[in-house]
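One chain, subunit A, links the two complexes that follow: it is found with subunit B in the first and with subunit C in the second.
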Partner chain A sequence: MTVSAPMNWRRIPERYRLKGSYCETCGKAFFPGRVVCPNCRRKGKLKEQDMPRAGKIFSYTKVHVGPTGFSHETPYFIALIELENKAKVLSQIIDSEEEKIQVGAKVELAFRKVGKDDKYGAINYAYKFKVIE
Partner chain B sequence: MIEVVVVGAGMTKFGENWESSFRQMIADAAIKALVDSGLAGEKIEAIYGGCMASGRFIGQEHIGALIADQLGLNPIPSTRCEAACASGGVALRSGYLAVKSGEHDIVAVGGVEKMTDVSTEDASFALGGAGDQETELFHGATFPSLYALLARRHMIEYGTTEEQMAMVAVKNHKNAANNPNAQFQSEVTLEEVMNSGYVAEPIKVLDCSPVTDGAAAVILCSKEKAEALGMKYIEMAASEQASDTISLAARKSLTELRATMEAARKAYKKAGITQEDVDFAEVHDCFTIAEILAIEDLGFFKKGEGGIATEKGLTALNGKIPINPSGGLKGKGHPVGATGVAQAVEAFNQLMGRAEKRQVKNAEIGLTHNVGGSGATAIVSIFKKAGVKK
Partner chain C sequence: MSEKKSGIIGYGVQIPLRRIKVEEIARVWGKDGEHVSEGLNVKEKAVAAQDEDSCTLAVEAARKGIKDFGIDPKRIGAVYVGSESHPYAVNPTASIVGEALGTTNEYFAVDLEFACKAGTAGMQICMAHVLSDMIDVGLAIGADTAQGRPNDALEFTAGSGAAAIFIGGDKKEVIAEIDQTCSFTTDTPDFWRRPRAEFPEHTGRFTGKPAYFKHVLGAAKLLLKKTGMEGKDFDWAVFHQPNGKFPIKAAETLGIPFEKIKQGLLTPFIGNTYSGATPIGLCSILDVAKPGDKILAVSYGSGAGADAFAITVTKNIETRRAAVPVLKQIERKEYVDYAVYLKHRGKIKSL
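After this line comes the complex of A and B, so read on.
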């Protein structure tokens, strides 16, 4: 999908440094950030917060058939990662030995290219994760 | 209290319908349902049409008006309902509520999707819209990969195996082979499913529902009107809907779809039954793991025992609780916007006793379960054979 420059620009804090939010009322962290805390709603008080840069794999899959824009990268790994503050994030796992990509494996934040909108479109960058020893 | 009944049902054959357009298919299905009911078109007071992604599949929006136009039913109100793969289910529930409220006596509910006019890549992109564009699709997640994340947790937490998932495909193909409207008319073996290549591990090609063209329609009516007109009918005892977070990352658990559990709880209560009373169910098996999750979340089996129940044959056509006698999304095909309505068509055929080779014996109560995306929308509806007191 081709997206506008403002759409990419708006998402830079989230994609480049995992900016999310946490609720001062219940203490729960959210990634991406939310306008309303789903637990506390109007009693909630959301503050912006960068997410921790480490976590562990909660679930993962090796993708063999990719969508438009990702077909040339297959196979690649997609995982749900539980960050140290319990917020979860879906991301690719890169630069890791395949046998070490397991549920429970410790991972840390990396920063990589995530595709390109189209031939002349913007190159997108965002978070990915890699397994740490 | 107004009671809602189904008085007619019809569908196109599901498959790669290269000879049929979007508008031909919805008109064909609607006419079949009308003819089945014995009603003339002018008796229809409103239309609710389920369609997920016609904009991406055929470049056409404004589907509500288009359906009324193609049926020659202008100027009655005609509304498109969209909830990804649960669009048909939402249309069904919208029609149910319209009759239940007393606003309309007779409405038509349709569902349609034309998926094969675009490349497989473009179809995958269109379907991807059911997930979270910003935090899932952007990163290269596909629908099979999202369900693969669910499957992995189910395997870890409950020991579900890839073979058990494959057995869902084997069973649903077997049922589909007895359904002349199904996309797949042939059985598959366990070996064939296990040897089909991985799409997103542990999900293989034959764990996935196919890309399908098709349309389905039912005619809903108030019971009072149906009896006054001397029409055949089945009762629609409940239609409940629930929602959950659009992204998997925000879910509390990956081994249950809470929207399904909530919609089911409310539907059983509304219909005055328990899961024990259900004689068969059409569930949303977009992937084989989705059927295993569904039969647990609907209460037919304990959490974690859906895989072993499938292995034991408890969900087969002659099993304890036949699941997807039509062949399900896996065998019958999954034209996303039509699926929720096609499930109601099967419920009608089963409870009218006209499901032929795939007839569930002594079926009195049937349940349909339609899911949008990776579980962010679920609709559970309950149907009873006319006169069943339970």
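After this line comes the complex of A and C, so read on.
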């Protein structure tokens, strides 16, 4: 399925710089960004914020049968990552030795292409994470 | 040049994780791997993964520079990305880099191409901006995921990598002043790639004497004349390195011993990173240089031209260094065989 150019463009700050949001009332950070704080509701005051670029693996799985656009990359890992501000990000894990991909492993942000290139289409760049020593 | 100085205030290098040995490429094509490797003085080359391209390498190199040298991306007033493997024929890499770094929207940006010397051309343009007070900080990037047709001589050396050089004028930040720069340019078509062609063409041995050496030595001699220096006056030197032998010969011709170019001679371990080659070698030298050290840097781009720089390392280098030196970064690697290399480089046509 092709995502429209405007839809991709709107998500550039989120994909390139991990732009999310945090609530000034309760201090909780969200990624992707939210417009309403689920904790504070109408008392919440949300502000846009770039998320920290480091965190740790909260949970992970190895993908053997990838969806369309990712089938040539299998097997690969995806992980739920808890960033330093406790916000969570679902991301592909790259350039990491398999035995080091563990719950609690420290990871840092990388910038990569996502999915298979359509020869004539726009290239999708976004965040991925890698385990750091 | 004006009395005002500009210089390097930070840098970052990105080398892909994967490597393929020259001997492995030679094995597939029935060549004597040891002979090929020795002939080129190249052991292995860095291979960009299928999700990497010149743009991702450029962003990652620049992010390292921003982090390690404490540069606020909002200060960046110019982004120039030099590459001969820009991901798009039309649509700039520079604007993607700016967005990923979190610059403001007020910055000069353009993609540059001059075979392997577009990265250093970006440095010269950033210098000019800084010296003329047009910008505070300029970002020049040399990045390539170099192409080589299977079984072509280039396939043994065409590597991937990027260096991001931040140019500024604040004396408190400058780690290496650029004392002088000049370029030597002629119309010498020794290597090219036509529109829609997947791989470049080259002229074999013609890329040596009338191309590489004429321009590298031409630019270096022009620089020595302008500065009143001799080759032996430099503590370090880095030359463009299409293989591991040409730069050694260029250094010898200028009276510069091998020990002074060894630190920046990386092609034997990561291949020819094209627009990244001279800037990455320069960054490796900055990893170990001491205050007062003089560095000679000469790039080369087919077509043809060479950019030469005379650089003096400042006291700031004692407190402003990259977190991970280039040579340390190169140590972390994962070998791939020829089939996996083809997959990552998109050379399997039925996919």
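What we mean here is this: the second predicted complex is superposed on the first by the 129 of 133 C-alpha atoms of A that agree within 3 Å, B and C clash if a C-alpha of one lies under 4 Å from a C-alpha of the other, contacts with A are read in each partner's own complex, and residues count from 1 in each chain.
The definition used in the following text is that contacts are C-beta pairs under 8 Å (C-beta built on N, C-alpha and C of every residue); 3 or more make two chains touch, one makes a residue touch a chain.
This one's a predicted model, so the numbers in the text were calculated from it and none came from an experiment.
When both complexes are superposed on subunit A, subunit B and subunit C fit side by side without a clash. In the superposed model, A:R17 lies in contact with subunit C only, and not with subunit B.
Centred on subunit A, the angle reaching out to subunit B and subunit C in the chain A superposition, using CA centres, is 150 degrees in steps of 10. When the shared chain is aligned, subunit B comes close enough to touch A:S91, but subunit C does not.
Look at A:C40: by the touch rule set out above, it reaches neither subunit B nor subunit C. When the two structures are aligned on the shared chain, A:N124 is found in touch with subunit B, with no touch to subunit C. Of the two partner chains placed around the shared chain by superposition, neither subunit B nor subunit C is touched by A:A54. Of the two partner chains placed by superposition, subunit B and subunit C are both touched by A:E73.
More residues of subunit A are in touch with B than with the other of subunit B and subunit C. By the touch criterion defined above, A:V103 reaches subunit B but does not reach subunit C. Shared-chain residue A:V114: touches subunit B and subunit C both. For the pair subunit B and subunit C, the minimum alpha-carbon spacing after aligning on chain A is 12 Å. Shared interface residues of subunit A (contacting subunit B in one complex, subunit C in the other): 73, 114. The touching residues of subunit A, when paired with subunit C in their complex, are 12-13, 16-17, 50, 72-73, 94-95, 110-114, 117, 122-123, 125, 128.
Within the complex, the subunit B residues that touch subunit A are 121-122, 124-125, 128, 134-142, 144-145, 148-150, 152-153, 156, 197-203, 247-250, 254.
Listing the residues of subunit A that touch subunit B in their complex gives 1, 11, 30-32, 58-71, 73, 76, 78-80, 87-92, 103, 114-115, 124, 126.
Contacts from subunit C toward subunit A in the complex involve residues 17, 49-53, 55-56, 59-60, 63, 87-88, 91, 96, 99-100, 102, 334, 343, 346, 351.
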